[in-house]
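Can you keep this structure in mind? I'll have questions shortly.
Labels for the chains are A, B, C, D and E, by order of writing; each one numbers its residues from 1.
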């Protein structure tokens, strides 16, 4: 049992973006002030999160109870910050600052409508994201999870045109549908099975229950599909659909917040709802956890193959995201400390890398209006900073040194090796090769086109600085974290609640 | 004073109706104050009764002082089972009477006092049904509420509404007659009309006739049950409901839709618990499986039919059919800890408020926007933001999003279903939630987007920031903006209660479960 | 056709169920059936009524006593049902204002029912009969304690006498004697009388409709006679309402809510 | 109570009910319904339920039939079944 | 034969007939096309239930539930239709009950009054429902010009409805 410290810091971290929402709405006419509020909230949030880091590095956890026992369920609404949550919170809150900067540039550059609503819901989504990160029990987790689904819908459908409508419809129907159909029953079943204790503190929730192998596997899959923000196949198609959103939304939410919330929930389930003995029960040919591993592996390979065929840059990145998310699930489902650590690190690594890629896509769109890879041949000549950042981001996503992606993938790889599951090792290697295949050729073509391109004339320049600066920052971050990963690594030790 | 509460709850609206009959017909200004005062008295008395019940214990009231032997007079009883239902009825009728201001008598002002007389008599009926502990008195009061509801539906409705009202009369009469017949069979077997009295005789082990096991008792139960099912529009018997509630004036549908079906569900649960006893119903009869399957079909059919509707009110009506399935199924789950029954009772309260909220919404948009079909709601979020709040909360509760009460009622029902081993019911609940989600997000989508979906992403749009406030170009010909406060207040109040009921569900459920904690409550005076 | 098949199925199932229950009944006319003699050794409710009514209320007609005293709460709502029906028909059917003027010109739809030529004979007979009918109605109301009858029956007969006026002359003639305002007021007053008796008991700190306590107000020698007198009072109330509403229903139904030129 | 009497009235009742429902002229139908009311009133008097019989005589045979006639007068006399 | 009737028919005949009447009513209620016919069916349906209730209160050899009392102040109150009963009871009872207030009349000799009371209420409810139903029927006639259900449904289906 870790020592716990009572502190209101997590609440403030979560609240400061919530407080920003009414302020943004009130000052909707003062554009500058409104954006300052966004930045202020972002910095404040990051500050609060950072302030908690030393406590966690001391090996303590921070708890803070919001409501003493939801009426009727006797489950508290509770924040409990541990290493895993901290990593996620750090990623989300730091990247919000960057994305805010980027968002301002993007929205101004394209003269978008309804910017107030955009920033307001953006802040609301961040509040929900941190809520998930800090959630101290399954109920709190679920509540913020649903809040995030609803708060992001106006962002996805921001354009309010037909395409946005369809995308938004897919988005909500997948997220809400799976959560109603799978997550709620799984939640209630867990609640009944565990006798009303849903807390993440202490031993795993279902540790002392007599779950049979089959009921475990059904429950596990219900959770994994119920948190369909994790994008595991066959419930993945909301993610490409949601790419109709403006790029800042895709960047932060669909590379960082939303999808990572999904995998974060799955990690929580694997590490803290089930105990290892339950998950290692045999179903015959497979163990319970291996079922999840196989689903994840399938998703990794299939989505990478699909990504190869996509010409729309954002869609290619979306399918890449689906694959990378399943890395994280696979890392957790291997039930090995190092692999799980790798999974947690990959949350951060993939977030930083993928947000860079998305912001590059957005910057290209702002500068040239191009969406398709086939139109981007030779673009590196005119937009070297953007494409350079794209290259570094790709390296990180693929997992090549000297980027942070290498660190996380290395951990997963090591974990898989030491469990002796060589099938999954092969999956990891194969998919890395596929990653290279779908990410690096565009970069190559952008810099070294074979023949003249439309980018030969001088008309096209880099996007505005507000767009370029963030992607420079994040790509730098990819490299910096490779050299200084120790804090993050020490935060993600010992994820499994019980062995 | 406190011991007269059961009589006061029923009598206040009765006297109100008579006062309107005497004076309101001559001067219409009398009507509203009288309605408010009498309903306020009832509501206050209900709350006081609930307090008394949970602090002291069951309130028994013997009209005419005929206490012993039990059953010679009429016995009114307020216990843990019905005190909350009383309060909810009080709240709903109070809110709807706000809503009725300036709506009643739009077509024909002459009829305003008659509407209010019928309205108050309906309240008398509903309160009376809930309070009484006499099987035959229940029939009379069912008829009071039915007759008034026939009239409330038929008065001022359009052509189809009149036909629907006629069908309702026929079905309602058959339902009440079946109930009466069932009571007759029971009386024949037990010689008593008092619910507790009947139960005591049914439970009598030593009697030579063995009343509990006789065929006539089973038939009695079936007829009572089917009669009540017709009244509550349970699945195969729901035919009268959708048209009747769709084509009647919105004030009438706002009072009838939340209360009539819910009170019938209460009657069913009362009959199951107090008259026959859960042991008899679940163990001796053992039809739990059958009824739960019926409920599953009801839920699925209601949801699917709702999905097929284009009219707002009709869609809501089919949702009522599905919700009735929730409650009947929940009551019949027969799980050992009575979580299903708890869920059903909680859902009576929750669904009354949810239905009220959504029907109020439908009434408001029908009047302000002339919107009867779902597609008429385009751009609603901009045109009527406050009304939209009501819609959103009501809809989220229907879908079952925490912290609204809809989530918790589903939680208890699912809990009961899992513990009772009725997985099919769990599946049905989830599918219905999904369908509700589809339904209401379809509405949200229409309400959120403007009149026409723009062709692709239009960059030339004016990027002035306040497009939320101004509405998009052609859309700014907004009809009258927001509804009046007399309509908005009940809508927002019901929305607030939906959330409060959800947030404090533990307290509410603790009160509900008083019924099961103490076996004395189950059989009233005898055990 | 489909409805007929459906109806047949419904009828067969319902009837079968009912007969299934009947097979378990005590024999018709068995004085010791549970309904008549109760289950177990205790005195049943109906036995109580038979043996104790006279002692409790000094009313020999047990049905009246049970109706107006023991189950007086039921009877009050029975009156409310009638009242509600009257108001309901009024609310549904009554046409007012301009529409009424237009409607009143229309002749009856099916003239084959009409027969004006016999008006004189019928009218004269009715003139003689109606006072007798009304006297009898009052007797039925007042004498309900001792013979079959009571407020409801008397009220119906009294209402029927007005209907007879309307049928023998015309609706206007009846409405001149018993106008719309009058009968609505009378209906309300009837229920107020009934509920008022109950309320008076409450003011004297007894339960609703506990007439025994009214001996303080009615100055009778004992609660039994107070019950007996109060029953007469509520029966009068019932009679008021029933008279008014029966006529009101007829007036509205026969004139399509116009209240002119009816049948 | 005399059983033979009972049986005769009951059989008449069923016959009256069937005729009342099968006659196509609604006015006759209503009149036969009045007869049905009187028969059942007779039955109840015979069973000792004098008050019920009295009420039924006033209501079932009297007022109900009049209500039917008033309505038929205002609508249509012929029925399709 | 007569013995057969006595043991097998007589005890249930009333109940059988009530079921038959009720089913006639129910059938008319569902299957009849004309709304007035439906309402006649409804009335028959309700009277059948009343018949059932009254039948279950019957006791062989019993009299009407009006007491034949001999209180000094109510000496000549029993009405004329009562006379034969009068004598019958005189013969049966050894002692008039005003002598001893604690012994009421013998319950087995008097019909069960409770069903009668209930059915008075039920009759009233029935006629009230009938009135309201007829009023709605008149409204339907006013709006559709017919009382035949199939014609009404056709009109609705044809869209001849001014919603």
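In this text, a residue touches a chain if its C-beta (ideal position, glycine included) is under 8 Å from a C-beta of that chain, and two chains touch if they have at least 3 such contacts.
Treat the numbers as computed from the prediction; the structure is a model and nothing was measured.
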Graph distance between chain A and chain E, where chains that touch are linked: 2
Mutual neighbours - chains that touch chain C and chain D alike: E
Distance-maximising chain from chain A - centres being C-alpha averages: D
Contact-richer chain pair (by C-beta pairs counted) among B-C and D-E: B-C
Centre distance in Å when chain C and chain E are each reduced to the mean of their C-alpha atoms: 14
Approximate Å spacing (C-alpha centroids) for the pair chain A, chain C: 74
Intercentroid distance (Cα basis), chain D paired with chain B, Å: 38
Whole-Å gap separating chain B and chain E, where each centre is the average of the chain's CA atoms: 32
Interface hub residues of chain C, defined as touching at least two other chains: 18, 22-23, 25, 29, 33, 35-37, 45-46, 49, 61, 63, 67, 71, 74, 78, 81, 84-85, 88-89, 92, 148, 152, 249, 253, 256
Overlap residues in chain E, where contacts from two or more other chains coincide: 10, 13-14, 20, 26, 55-58, 60-62, 64-66, 81, 114-116, 118, 120-121, 124-125, 127-129, 131-132, 134-139
Residues of chain A engaged with two or more neighbouring chains: none
Chain pairs that touch, as defined at the top of this document: A-B, B-C, B-E, C-D, C-E, D-E
Chain C residues touching chain B - in the complex, by the definition given at the top: 17-18, 20-26, 33-40, 42-46, 48-49, 69-74, 77-78, 80-81, 83-85, 87-92, 94, 96-97, 181, 184-185, 187-189, 191-192, 195, 198-199, 202, 206-212
Chain A - residues contacting chain B, complex: 28-29, 31, 69-74, 110-117, 143, 146, 150, 154, 157, 159-165, 168-169, 172-173, 176-177, 180-181, 184-185, 188-189, 191-192
Residues of chain E touching chain D in the complex: 10, 13-14, 17, 20-21, 24-25, 28, 32-34, 36-37, 39-41, 43-44, 47, 50-51, 54-55, 57-58, 60-66, 81, 111, 115-116, 119-120, 123-124, 126-127, 130-131, 134, 137-138, 141, 146-148
Residue ranges of chain C in contact with chain E within the complex: 3-4, 6-8, 10-11, 14-15, 18-19, 22-23, 25, 27-33, 35-37, 45-47, 49-55, 58, 60-63, 66-67, 71, 74-75, 78, 81-82, 84-86, 88-89, 92-93, 143, 146-148, 152, 249, 252-253, 256-257
Residue ranges of chain D in contact with chain C within the complex: 1, 27, 50-51, 53-55, 58-59, 62-63, 66-67, 69-77
